[in-house]
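Multiple structures follow.
Next come two complexes, and both contain chain A; in the first it sits with chain B, in the second with chain C.
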Partner chain A sequence: MNSSYAVPAVALVVVATVLVGAFGLRVSRTTSDFYVASRTVGPRLNAAAISGEYLSAASFLGIAGLVLVQGPDMLWYPVGYTAGYLVLLLFVAAPLRRSGAYTLPDFAEARLASQAVRRLAGAFVVGVGWLYLLPQLQGAGLTLTVLTDAPDWLGGVIVAAVVTATVAAGGMRSITFVQAFQYWLKLTALLVPALFLILAWQADGAPSRAFDEPAAFREQRTVRVEDGLTLRLDRPLTVEAHGTVDGRRHAGTRLHLPAGPHRIAAGTRLTFAAGTSVPAATAHGADDALSPSRAESRTERPLYATYGLIVATFLGTMGLPHVVVRFYTSPHGVAARRTTVAVLALIGAFYLLPPVYGALGRLYAPELTLTGDADAAVLLLPGRMIGGVGGDLLGALVAGGAFAAFLSTVSGLTMAVAGVLTQDVLPTRGVRHFRLGTVLAMAVPLAASVLVGGLPVADAVGLAFAVSASSFCPLLVLGIWWRRLTPPGAAAGMLVGGGSALLAVAATMAGSPGPGAPHALLAWPALWSVPLGFLTMVLVSLATPGRVPAGTAAILARFHLPEELHTQDLSREAAAS
Partner chain B sequence: MPQDPAERRVTVTGPPRRGPRPRAYYRPRTEIDEQTTLGHTYVRSLMRTQLRAALTGFAVLALLIGPLPLLFAALPGARRLEWAVLGFALYAPLVVLARWYVRRAERNERDFVRLVEDR
Partner chain C sequence: MSGFLAGLCVAVLPLLAAGFWLGRRTARPESLGGLGTPVEHATFQTLHTASLAAPPLRAGLTEETARKSARTLRSLLGTDALCLTDTEGVLVWDGAGAHHRTEIMDRLAGPLETGRGEAFPLTCATPDCAVRWAVVTPLTVDDRVLGTLVACAPRESAVLVRAAGEVARWVSVQLELADLDRSRTRLIEAEIKALRAQISPHFIFNSLAVIASFVRTDPERARELLLEFADFTRYSFRRHGDFTTLADELHAIDHYLALVRARFGVRLAVTLQIAPEVLPVALPFLCLQPLVENAVKHGLEGKSDRCHIQITAQDAGAEALVVIEDDGAGMDPGLLRAILAREASPSGGIGLSNVDDRLRQVYGDDHGLVIETAVGAGMKITVRLPKYQPGVRPSRA
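Right, the complex of A and B next:
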């Protein structure tokens, strides 16, 4: 891909982010400004900021890549990301704002008056945040590699440096401006090229084979296999091979491969004739262990996995640390609800676009399935379909948008993780320690992304959702609606639900069990770990009735009463303190 | 000490009174502020109506989404339907459902405020 436009575009996004952040810095004066923008952000600005923060690299690049490889089943990801906000609105939004909690640990402490539960919640926030940061940094690395052939780690380092500087310097207020700006940037960067791509598709006679299964090559195409892989054919395939197939060397021979698995060595070039359907493939590298779903064809992807994905994304959204923090910036509970509706509309509008790229990718770049760069489909399509200067410019726009996606999500997550580190881990509070927390929050996932490498973006994000759904969803829902929740119950539920999901994720990443039911159970833990978390929390709470915190009734009244009824309370508290 | 009468004048202040005091004592608002059993009953009733609204919304969502994977698995030929539903058609109903819930939750709160403020 021609990088002469893309690099300036990425640089422009980075500079604009720093500038908008600096504008916020001038407004951000007090500690309250710094953390929560003095709680004065109106619904519109806040909704754009929440959406800008939420639409991560997984949304911008990952969904199109997954749809390209695995077909429309993967569209459950964007549906789940959106519906997660609806569930958040139904059960959590207004009471969470009225609770006055800034982070999830604050909520746990306010509701249960227990330092132990607070620390446990803090540990899970940091864990989920790091699990979510890792793929973002890797996505940035991938983008820069595709654009400029820079080494893998460089993109992640750039994003980490810019975000650490903006967050440490300006805090939440500047982040609100940056996030709102980046939502519109991301929407434009995906919408404008998509319109041109659809025009190009129409000019091409509007072929609609993309919607059929499996994807097929439209014209003769030669694919160079970068890392070794195994083709799993469910019907015989005729292909021209340069290189090693099944241990035998070939130099341009026409091969008739029977159905079944075939090993293709690294560096082999395969030429597929027009109309050949794209075979399912598994990479030999370490990364296939990390991706439970990437290489599986439709037949091996049970209904169970789809439901696991739905549960994880629907219930996991409310526990994402960067999402919760944003609610505190609304002035009151009613505004928090209205903001959430606006967010639903904004992200719903955005998610109409990735499927377009996925479908066009299946038509015009099906070979990305085999080269393992499916996440780059969004970046490559403009050049592939339109070409020339126009294609390069549109490609540059997409690249800028992708970087905006990395910057916004990473800054939101860093903000949340740093907030927890500052309040619960580092000794004293204050802005200087918050800056130290920021550096710490970013250093760990950056080191991990440089060391681990090769994690498919959307899948890793899915794992973070599963852990969040099984630990924070029970805590929030039961904490807001159930009077008999006790600190031991909350701690046990988070440990059992979230802990088992975390272990399942770790086992999947280590690649322990092979295919079949146990693998699916571990790769999609939400379906059993969420009920397990709820059940443990309820049963242990019922077993320790003496530990219900004394002020529960008053606290629940504060969560649920409209603000106009407890203004007196608040002014009395303010006078007392 | 100077005995000038002007200096001995003292202003007495107190909480502003709205209406006759005994009547205010029986207002539900006071019950809630004072955290009496009756006050808790009011809060509980609000929580129940709000939870009912939330669960109704959640049930609609579950009925809308739940059968879809089964449907797509049962109709492996209907790939275009799956593209259209998941890629396009689901988002508008989600926003409509959210708007319905917010209206209902805000109405519940308004009714509750009217009840306890005795207006």
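Right, the complex of A and C next:
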């Protein structure tokens, strides 16, 4: 891909982020503008900011990649990522705002008055944050590799360095405007090229075989295998090979491969004829342990995997640390609810686009399933379908949008994780400790992204959602709606639910053995770990009835009553006393 | 299904192990065995048991604290049953023979009245009841009897009487400390109430004078100013709640500045730079307005020409950072330190030290005012407000 436009676009996004982060939007006003200067953030602006922070590499690149590789089943991802806000709207948004909590540990402390539960919640915030940061950094690496052939760790290091520097140098000033801008940037960066791509597709005669199973090559295409892979053929395949296939060297010979597995060595070039269906492939090499195994369990048990995905994404959104802190910006509970409705609209609009890229990718770039770079489909399509300067410019726009996605999500997450590290983990508070916290918050996922490598972005984010759904969803839902919740119950529920999901994720990432039922259970933990978390929390709470915190009734009344009512009560009390 | 169970075990077992280990570690902070002679060892053991019973009792004598401490107290005494009562009834019965509750309550009137201990045999119909003898010792704080500690044993024992007396005295000391804690909290609350929101009489006088000066020349302006004055005083005289939001406080500051500008006109310039993210932050009522008042005073002090005041509110992660800066006369840092320590009486009002005290009481000592100043170099006051602090909730105007 031509990088002469893309690199400046990415550089522009990065520099703009650094400058805004360093100087902020310095809007100084005189007192005559006072009411403008002190207007609280409206629901629509806040919603754009939440969406900007939320739409990560998984949404921008990952969904299109998954749809490309696995077809329409993967549309559950955008549905789940959006529907999470519906659950948040119905059960959590307004009470959470009224609790006055800024972070999830704050909520635990406000509801249960327990330092131990607070610290535990802090630990899970850090865990979920790190899990979520990991795929963002990998996505950045992938993007830069596709654009410039840089080594695949460089993009992650750049994003990590930029974000750490801006956050540590005094936080992101005027972060609401920046994030809201990032949302519109991301939407534009997907929408404009998508329109052109659809036009190109129309001009091409609107071929509608996008979701044929499996995807097929529309024209003769040569694929270079970078890392070596195993083709698993259901039916015989005719292919022209340059390189080593099944241990034998070929130089441009036509091969008739029978059904069954075939090893293709690194550096081999395969030329597929038009109309050939794209074979399923397993990449070699230790760093690719996750992607095929998770995909395998999905193909083996599609129903279970889909339900696992639905539970994780529907219930996990409410526990994402960088989303929760944004609700504090709303002035009151009703505004928090309106914000969530607006978020639903904005995110819903955005998620119409990635599936378009995925579908077009199946038509025009099906070989990406072989090279393991399916996440790059969004970046490659403009050049592939339109070409020339126009294609390059659109490609540059998409690349800039992708980096905006990394930067906004990563900075939001880093601030949330660093805040928790500073407040609840590192010994004393202070500005210097916040910097240390920032470095720590970034160093761990960066190291992991260099070491682990190779998981599809949307899948890895799904794991973070699973942990969040198993630990914070029970805490928030029961904390808001059940008056008999006790601190030991909350702690046990988070430990058992979230802890087991975390272990399942760790086992999956470490590449636990083979296919089969246990593997599917570990790869899609939410379906059992969320009920487990709820059950533990309820049972342990019921077993410790003496530990219901004093003042629970008053706290729940504050969560659920609109603020105005509450103030009236107070003033009546004051008048009575 | 077996796979599911296996996964479950794999997930839960390490968690249980970790929890068990943590529990052990927190319960036994230092290893007690293998150190010193058996006598010293026993001393350590006793001191450790006593230290375990102390924290619950420091919250006063209630059913919950009694339940938490009763078991450790019983192991301290080594008796078969131990009971804690207040003046009304049994709070907790730990050990055997709980059917003696009512009998013991009947016998308590004497000790509760006189404050002196007693030992008496118990009548029991159950032949194998392990509890035949009760030692009652009163728990006293400032010569008031709060309750009793009852130790029960199978037979009369002078050692038990002595030990129960000592333990009761130790418990009494803990309860006295709890009493002290409570009065300290009450003192802080009273101080916060006393410290809250006093607008200066000078300000009322000056404002009314300014408004009076406009009544003839510009009645419309006078009316506006009067309304500003009404808004500001309504805010500062309101009585419910100790906390407000940054947005409300800034509005009060705006009303205040409108009145001040009417008096000083173009000599006073104010710039605001406010991050909208921090407007919902809760903070002690009227804790920024005195700082602005201070800046106005210092800014115009000894300078006939213009003064510029800058008010900034920034978002800084889990905190909001409010900075109020003037380019006026400044102050000798030594004098300022003395004023904040209440060693020197300030020339104008108790604004700064009052705000400093309140911030420290609400948020802790590391959230006091940070003031940068020197003579002739203006003054910059920085306030760090945590976005969340237990117990700090705004009440709306």
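Methods note: the second predicted complex is superposed on the first by the 523 of 577 C-alpha atoms of A that agree within 3 Å, B and C clash if a C-alpha of one lies under 4 Å from a C-alpha of the other, contacts with A are read in each partner's own complex, and residues count from 1 in each chain.
In this section, a contact is a pair of C-beta atoms (placed from the backbone, for glycine too) under 8 Å apart; a residue touches a chain by one contact, two chains touch by 3 or more.
These numbers were taken from a predicted model, which means no experiment stands behind them.
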First (chain B), second (chain C), both or neither touched by A:A110: second
Partner chain(s) touched by A:W481 [first = chain B, second = chain C, both, neither]: first
Touching partner for A:W130 - first (chain B), second (chain C), both, neither: neither
Touching partner for A:G100 - first (chain B), second (chain C), both, neither: second
Which of chain B and chain C A:L344 touches, first, second, both or neither: first
Chain B versus chain C as contact partner of A:E564, first or second or both or neither: both
Contacts of A:W184 with chain B and chain C, given as first, second, both or neither: neither
Chain B versus chain C as contact partner of A:F196, first or second or both or neither: neither
Comparison of chain B and chain C by chain A residues contacted: C
Set of chain A residues, in rising order, touched by both chain B and chain C: 564
Touching residues (chain side chain B, partner chain A) in the complex: 29, 32-33, 35, 39-40, 43, 46-47, 50-51, 54, 57-58, 61, 65, 69-70, 72-73, 79-80, 82-83, 86-88, 90-92, 94-95, 97-99, 101-102, 105-106, 109, 112-113, 116
Interface residues, chain A side, partner chain B - complex: 71-73, 75-76, 79, 82-83, 85-87, 89-91, 94, 211-213, 303, 306-307, 310, 314, 334, 337-338, 340-341, 344-345, 348-349, 351-352, 355, 359, 481, 553-554, 556-557, 560-562, 564-565, 568-569
In the complex with chain A, residue positions of chain C that touch it: 3-4, 6-8, 10-12, 14-15, 19, 64, 67, 239-241, 245, 247, 250-251, 254, 257-258, 261, 269-277, 279-280, 282, 314-318, 366, 387-388, 390, 392-393, 395-396
In the complex with chain C, residue positions of chain A that touch it: 24, 26-31, 33-34, 37-41, 100-103, 106, 109-110, 113, 170-171, 173-176, 328-332, 415, 418-419, 422-423, 429-430, 434, 495-496, 499-501, 503-504, 507, 516-518, 521-522, 528-529, 532, 546, 558, 563-564, 567, 570-571, 573-574
